[in-house]
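One chain, chain A, appears in both complexes that follow, with chain B as partner in the first and chain C in the second.
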Partner chain A sequence: MVLEGAIIYSNLLVLLALGLTLTYITTNVPNFAQGSFAIVGSYIAVTLLRIFHIHPYFSLPFLLIAGAIVGFSTYLILKPLVARRADVEILMIATLAIDLILLGTIGAYSEILSKIVGFTQAKFVFSQLDFSIFGIKGIFFVSIAVTLLLLFCLYLLLYKTKFGTALRASMENPDLAETMGINVEQTRAFSWALSGALAAVAGGLLPFMQEIVPMTGDIIIISIFASSIVGGLTHITGALVGGYIIGLSESLITYYLSSIFGTGFLVYGKVVALVIMIITLLFVPSGIMGINWGKRPKK
Partner chain B sequence: MIEVRGLNAGYGKLQILFGIDAHVEPHKITTIVGPNGSGKSTFLKSLFGLNDIYSGQIIYKGQDITRVPPYEKVRMKIAYLPQTGNVFVNLTVEENLKIAGYVLDKARVKERIDVALSVFPELKKILKRKANTLSGGQRQFLAMGMALVREAEFLMLDEPTAQLSPKLAEVIFQKIIEMRDQFKLTILLVEQNAKRALEVSDNGYMFVSGKVAFAGGAKELLEHEKFEEYFLGISGS
Partner chain C sequence: MMDILQLILLWFGIYYIVAVSLNMEFGYAGIPNFGKALSVLVGAISVGGILNRLLIWYFGVKGDLIEGSTFAIARMNEIIAAHPLAGIFLLLIAILLAMVVGFVVGMIFILPSAKLKADYLGVTLLAISEAIFLVCVYNLSIIGGYYGISTPDILAFAPGEKRGWIFAGIVLVFAFLSFLFMEKLLNTPYGRVLKAMRENEDVVKCFGRDIMKLRMRTMAIGSAIGAIAGVLYSFYTGNIVANSFTRVEWTFFPFLMILLGGKGNNKGVALGVLAYVIVIVFLDIYKYDIKEIFHIPFEPVWLTYILFGITMLLILYYKPTGLIPERPVKTPPVKRIMED
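== the complex of A and B ==
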């Protein structure tokens, strides 16, 4: 039961951390609005549910597109800063500002939606809509299937297409990529769209496991950053490893502590994520995938 | 082939090049020599559009390309090989060759890769290896092979023999000559290995402190009375 929840949570963290790592590699932007990207997805899903009666599982393809638009629009705002190679602090503050704007917009929107449907949408869950197989929640299977499918598509895109090779080339060395005739700007914009799409899908699934309020994005952003940093911010595969480490330890350690010391400890889940992040930064600052595992370039 | 008039360029507020006039003849090897910090590498970067140009004009085949972005210049068959970081280390040799043909259609890329492998047969055995496992010489072969894949007509090389053994450097020089003769490439070379580079070149330029100190035939430059003086300065640095 606890493990089930931990795995669901980890799957969603992987999707969110992947996006964060991706845009960090391509544009050097640490995106503090990544959590709110997800909540935008959650609110689109709840809108489709309440007004058009579309089950959240079926709105996932739509969320991919809507999320891509959110990600791409964010990049358009940040583009002048990226183009003039602004310091990472400035980029960080810019994304914090975008996050606040999103938070305000989501909050206002939730009020409007409440008026339209006649009951409050300032907080909601989807768990009552879920199915179950042998007592295991549907979201367990769906989150695994969706994450695997998206990872597989991402793998095909990055390793089996010409554009994917160009994308990897631009990530590694944008200047050189430009000398090959690759439009690096295009690959950057694409990575933001992709990041937004992954986040929105995660956001569509999140209400199946926890209650959503407009602020939720700013709470999960801690775990998203922890995942990317623990895995290694400069490696896409790092998001995968980091997402599972943070997702599992955050859920399992908190559960273990609360079973000993009382349920008060459940509130401190994020502390676990932060502690692991700090340990990583102190001892392996480049993250788990950043470690050179015995591979040395031959002279 | 390429005509440069009154080029003033640098990085932000730091001006490196002062009123450079230069001319690169088609199907020939032109080498720029000069002491460290004389602006040789900056000149190549400026031609390709990787730094700031304050004023002046760059004319390529009769067209003004001063403000054309690098990825557009690739379509005009201009190639630039930086001194370091000239291959993608996280991609395999094969992926590197393919990405070099990014602007070409699929069938053409295949053809061009075969051409590149015929000039650099050394690469055939290591196609599946990641570029970060290659030796310095192999990397340089790959970088030059990539220039052939993208059908470059005008090729700029920034110190291709740097950090290579004299024996390997000689191989690189022979490949450069081969590329000129076999594919009629126009080559603009920047070299620390000044004497040997000028011996294989048709024309030569000497840059000193961001200005042209000599322009003419490579032989003339080698025999120029001031050459030894500058050259000693170069080899001593």
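== the complex of A and C ==
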């Protein structure tokens, strides 16, 4: 049961960390609004459920589009600063500001929605809507399927299409890519849209796992950053590895320690993620995928 | 009207202490300390978690932290009501304690990231601060968590109507002392090496300075000063609820004040803080009127978030240097050159 929850959580973290890593590679900004991107997805899903009675699993395609719009708009806001080549501190503050705007919007919207449907939407879960097979929650299969499908599509896009090659080229070396006639602006905008879309899908599935409140995004951001950093902020595959490391250890280590020290230990879940992140930063600052596995350093 | 002025002065003082210490870290040294809220929380922990425990122990009260605090503080307030000096003494003890704890915490806080680049640094500081905040909210045995604990009324001797004014006075004294301290400290070779580090770390390294030590010292001093604000805030409100030490309130808004006023300029920061405080105090007083007039169907606090988020973006777009931009330092040799 605990392992089941841990795997579901890891899948969602992979999606969120993937978006964070993508935008970090293309634009060099750690996006503090990534957690709120997800919660925007959660609230769109709950709206579709309450008003149009669409089951959250079926609203996922719609979340992809809505998330892409949020991600793209964020890029449009950052664009003048990126174009001015502002310091990374300034860009980080800008994403904090966007996070605050999203938080305000989500909070305000949750109250408006509560008035429309007649009962509070400030916090909600979807777990009562889930199906189960042999006593295993449906979200377990769905989260695995969705994550695999999205990763497969991403792989096809990045490695089998011309646009994907251009995207990878502009990640590796934007200046050189630009001289080769690749529109770096376009690839950046695309990566932000993709990041928003992935986050929104994760947000649509998150309420099957835990209760959502407008502030949830500000809490899960610790785990998202931990995942990306542990895996390596500059490697797309890092998000995959990191998401699983953080997701599993955050759930399993916390569960294990709370069985020794009592349930009071459960509040230290984020501390576990943080400690792993700090250990990574101290010993392998470039993350697990940043290590030159098996290769001798070239001279 | 006088009440409003009193509130503005009080909040100006508290936020100025936070902002001026953040200005040293971010404006001068270029450390993007997105975990500023932690230093304010440290101030609250010093009062709620350490001072209250000492009082409970001193009076021999039984019970856990939350229950014990209530009794111990009732006893302490009686003493303060009879001997005003005891209140002042308690305040000074708390501030000294918070500065020591803040100094140590600040130093440890930066350790894991002392060698990192600016972006990793900001992320790590934010993550550490946020994780400690969450633990303090959900673990009731540190400072009472979301349940909250009461703090001694250091002005228990003062009549009710004067309490606010006296408190505003105390806060302003500490804000002024912080200003003087920062001006003196940063107008030295140390202050200028911080600016050099902000502009180009490699050059500072070339001149034989250790970046890690500089960062540690800066964060230690910054956190020690920031903790003073936490102490004053905890004493002013009369209780500590861990939920009030949020990232938005004590990290994002101080950044907003600094960027509005002009980073790297302590006087500009004062202007930024004042502008923010005036807006927030009036918003707080009239928020329900605003809600009525414009038929806003939700809590005005969300609207405040949206508005301040947009304000921040506008500052970054159009006035990144702030209202009073930073000026080059005129050291005696520079003056001599300019006169020639």
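The criterion applied here is as follows: the second predicted complex is superposed on the first by the 295 of 299 C-alpha atoms of A that agree within 3 Å, B and C clash if a C-alpha of one lies under 4 Å from a C-alpha of the other, contacts with A are read in each partner's own complex, and residues count from 1 in each chain.
Definition applied: contacts are C-beta pairs under 8 Å (C-beta built on N, C-alpha and C of every residue); 3 or more make two chains touch, one makes a residue touch a chain.
Computed from a prediction, not measured in an experiment: that's the story for all the values here.
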Fit or clash - chain C, chain B, common chain A: fit
Chain B versus chain C, judged by how many residues of chain A each one touches: C
Which superposed partner A:His53 touches (first chain B, second chain C, both, neither): neither
First, second, both or neither for A:Arg85, with chain B first and chain C second: neither
Angle, in degrees and to the nearest 10, that opens at chain A between the C-alpha centres of chain B and chain C: 100
Contacts of A:Gly107 with chain B and chain C, given as first, second, both or neither: second
Which of chain B and chain C A:Lys162 touches, first, second, both or neither: first
Partner chain(s) touched by A:Thr179 [first = chain B, second = chain C, both, neither]: first
Shortest CA-CA distance between chain B and chain C [superposed frame, angstrom]: 16
Touching both chain B and chain C, residues of chain A: none
For the chain A and chain C complex, residues of the former touching the latter: 28-30, 32, 77, 80-81, 86-90, 92-94, 96-101, 103-105, 107-109, 111-112, 115, 218-219, 221-222, 225-226, 229, 233, 264, 267-268, 270-271, 273-274, 277-278, 281-282, 285
List of chain B residues in touch with chain A within their complex: 48, 50, 69-71, 74-75, 79-80, 82, 85-91, 95, 98-100, 102-103, 132-136, 146, 150
Touching residues (chain side chain C, partner chain A) in the complex: 26, 30, 32, 34, 112-113, 115-116, 118-120, 122-124, 126-128, 130-131, 134-135, 138-139, 247-248, 252, 255, 259, 297-299, 301-310, 312-313, 316-317, 320
Contact set on chain A toward chain B in their complex: 162, 165-166, 168-169, 172-173, 175-184, 297-299
